[in-house]
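Just so it is clear, A, B, C and D label the chains in written order, and each chain counts residues from 1 on its own.
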Amino acid sequence: MNKVVNNVEDACKGIESGMTLMLGGFGLCGIPENSIAQLVKMGVKDLTCISNNAGVDDFGLGLLLQGKQIKKMVSSYVGENDEFERQMLSGELEVDLIPQGSLAERCRAGGAGIPAFFTPAGYGTEVAEGKEVREFNGKPHILETALTADFAIVKAWKGDTEGNLVFKATARNFNPMMAMAGKITIAEVEELVPAGELDPNEIHTPGIFVQRIFKGETFEKRIEQRTVRQK
Amino acid sequence: MALDKTGIAKRIAQELQDGWYVNLGIGIPTLVANYIPEDIEVEFQSENGILGMGPFPFEGEEDADLINAGKQTITARPGAVFFDSATSFAMIRGQHVQLTVLGAMEVAQNGDIANWKIPGKMVKGMGGAMDLVASAENIIVAMMHTNKAGESKILKECSLPLTGVGCVKKVVTNLAVLEIKDGQFHLVERAPGVSVEEIIAATEGDLVVPDNVPEMNI
Amino acid sequence: MALDKTGIAKRIAQELQDGWYVNLGIGIPTLVANYIPEDIEVEFQSENGILGMGPFPFEGEEDADLINAGKQTITARPGAVFFDSATSFAMIRGQHVQLTVLGAMEVAQNGDIANWKIPGKMVKGMGGAMDLVASAENIIVAMMHTNKAGESKILKECSLPLTGVGCVKKVVTNLAVLEIKDGQFHLVERAPGVSVEEIIAATEGDLVVPDNVPEMNI
Amino acid sequence: MNKVVNNVEDACKGIESGMTLMLGGFGLCGIPENSIAQLVKMGVKDLTCISNNAGVDDFGLGLLLQGKQIKKMVSSYVGENDEFERQMLSGELEVDLIPQGSLAERCRAGGAGIPAFFTPAGYGTEVAEGKEVREFNGKPHILETALTADFAIVKAWKGDTEGNLVFKATARNFNPMMAMAGKITIAEVEELVPAGELDPNEIHTPGIFVQRIFKGETFEKRIEQRTVRQK
């Protein structure tokens, strides 16, 4: 069934101030650039954004932070963004820092109908405060709950008209789990092909998890830490 | 003379064993990949979703879609594989990764580690560190023995918010190799030219010093 | 006249809505795929790991690696996708599948369903049925109104071990379409030529009968 | 790193009577035929076998049942096997029947270091007996625990020397989760290629989960329910 929408405007229809969004990507790798630009344009505010990172000052989620569109960030690492740190230390921005593996698993759980699970990560730290502790195999674990979102916005390499997605290299990261956990999931792709062109063995995210798909207009794909060796 | 960061990485590389999958944290741990003993094979996992991480790319061959957990451009070795973050931490939490090397701000003699937060000051987040230290059977901390103010980072108790409890068993610093057991640090090796007295002076936690402390062989 | 299995499948096919992902159980439910209204598009999920299941293969084109949950050889439509069992039940448990159609031995007026075990006699196992009924928002049970001995399968209470509790909202049998609400069956439609009295006689559970019970339009 | 062993004998070394094994496959689709034949040959007994099904009387796990090598089966559906039903009803065979989705998730949990999770499947049924019940979002769930095995034995379409695996069509099924959950995981493959030949984006099971890999000698790939339509 056809999930294609014409453009980023149609893709982001229905996103409103106060909503909870999941945004794929690790650092600036595999982020939904086109949709983020549209969110800036739409000017929606008071967003709760679940995303492993918060972008850099002038790219990625940093753009939403600059416009003070984000009320709360749910992330594992936000160290590349001065504006973030400023807003957080001043108390303007609520922040829920979550161990990266727990964040990934909580998104998957949200998509998979698993309301809660036990993990050893964070036991004995402030992450465990207020959470149930239970021992399994002689080792303490804490109970973590599922995360879901009004909209999940992911970025894929290739997608087909039915919403099936293929990611490239480490741009996969959080995108597949977030695609599962959105009530409505929007996928922006570099290449959009007819149904049947992707090998059904090689699809990373089945189209059942995607409600809207479109070809992104431009992908800057900024590199955060360009590191090379000499020939 | 105390080791530099490269020296610490070289010493840790000696801990690697053939056939191990290894996760290297940001900073000094990343350097360990440059000193793998020639007679063994190890694979590097980066928690953002690659197993079989290769060296940095040549200039002009960077791929924005191929980075490590430090967000640096990297390459993939033949036989590498990409996966999502949930699978990545399934490897880590499920103890399929044999060794984790990471940095720290503080390590305590009960094995506690603090490396993610300075209240009111540094709020970068824990990234994957809490999953790594809570899950790994085998953790080596790579760090300087003291901070910039000269204060020991090898403590009786951590003062900063913890990353994990009772999980560190080995620490390699610019001055020494320490093991943690029975709630104490044990001095195992000293850096070339560094005296036992210097190490004792730089260590705040309880330190067990054997009669003979061999020099590292780097 | 009471419907045959094909008739039940045809009636259930009328419940399908455009854009739905649908899981069809073994038996009568499988037949539903043959009667999709022409103006809508639905995708069939089979819990062993395919979305976009197509018709049975032509003779000689069977692939042992491509089966449905009933272990029958099938084909894949363009746009189909294969996945593992954990992902498959993530779709089901996570309520990404809009409709589940399955058979039953017994349905009770509180929505309980029994379809997996006859103690001491039949021990085939529940397969995916427990996950399906516990997860789906929208379950239609397809079955004969009575068993081979002529006893009602539409009951006040299930006598067999349960598959799920309070989950069934609609039942399509050879005699009628029933809805379950407020702890009672509600007669919604009767099979062509079947009288309300016949349905009442074949129903053990409490049945609410409106003044006018339309005939199914098949 | 090279995981290749010469043959099925070397692959199955160390499997002993009394052990717990996981075996991939759904029905007869995607089962490790070569390894099962070797288990028959080895004559190991008192096995606990975790497998979605129990094969048919003369193929798959049915072969181990015929030889009374299995003490306990952990499965979701065993309806295709008369000998199984006979041994179960007579009490010779212990059987733990588990909802299929819970079985899949419990294997994944075992491999992923998640000791327990909540699921709605089985609530209010005999599957829930003795299990903790808790409500989430107004709906009751039961606590299920992780499964692991001494050996997991899986079957893949293609594999490389580092143990990376690719599955074909619906022969994937339980194989990837079981590969994760074995203390030692054995993979038999139809095609064994050098490291680097498989596209790193298209690998289903990363080699880190596989300890031994070999090319199976023969694959009968029996079809359980041949169903066709007329041209």
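One rule holds in what follows: a contact is a pair of C-beta atoms (placed from the backbone, for glycine too) under 8 Å apart; a residue touches a chain by one contact, two chains touch by 3 or more.
Owing to the predicted nature of the structure, the values given are computational and were not obtained by experimental measurement.
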| note | Counting C-beta pairs in contact for A-B and for A-C, the higher total belongs to A-B
| request: Taking each chain's centre as the mean of its C-alpha atoms, give the chain farthest from chain C. | output: B
| request: Go ahead and note the Å separation of the Cα centroids belonging to chain B and chain C. | output: 56
| query | Cα centroid separation between chain C and chain D, in whole Å? | reply | 28
| For chain A paired with chain C, centre-to-centre distance based on mean C-alpha positions, whole Å | 36
| query | Of all the residues in chain C, which ones touch at least 2 other chains? | reply | 50, 76, 82-83, 86, 89, 92-93, 135
| query | Hey, what residues on chain A touch two or more of the other chains? | reply | 105, 108, 112-114, 119-120, 167-169, 200-201
| Overall pattern in which the protein chains touch one another (line/ring/star/complete/other) | other
| Chain-to-chain touches, reported pairwise for every pair that qualifies | A-B, A-C, A-D, B-D, C-D
| field | chain A - residues contacting chain D, complex | value | 105, 109, 112-120, 134, 136-137, 141, 145, 166-169, 200-202
| said: Which residues of chain B touch chain D once you look at their complex with the stated criterion? | reply: 18-19, 21, 41-43, 45, 51-52, 76, 78-83, 86-87, 89-97, 135
| note | Residue positions on chain A within touch of chain C in the complex are 1-2, 108, 110-114, 160-162, 164, 180, 194-196, 200-201, 203, 206-209
| task | Mind listing the chain C positions that touch chain D in their complex? | result | 46-50, 55-74, 76, 82-86, 88-89, 92-93, 112, 120, 123-131, 134-135, 161-166
| field | Complex contacts: residues of chain A adjacent to chain B | value | 26-30, 52, 75-80, 85, 88-89, 95, 97, 99-105, 107-108, 119-127, 157, 167-177, 204, 221-231
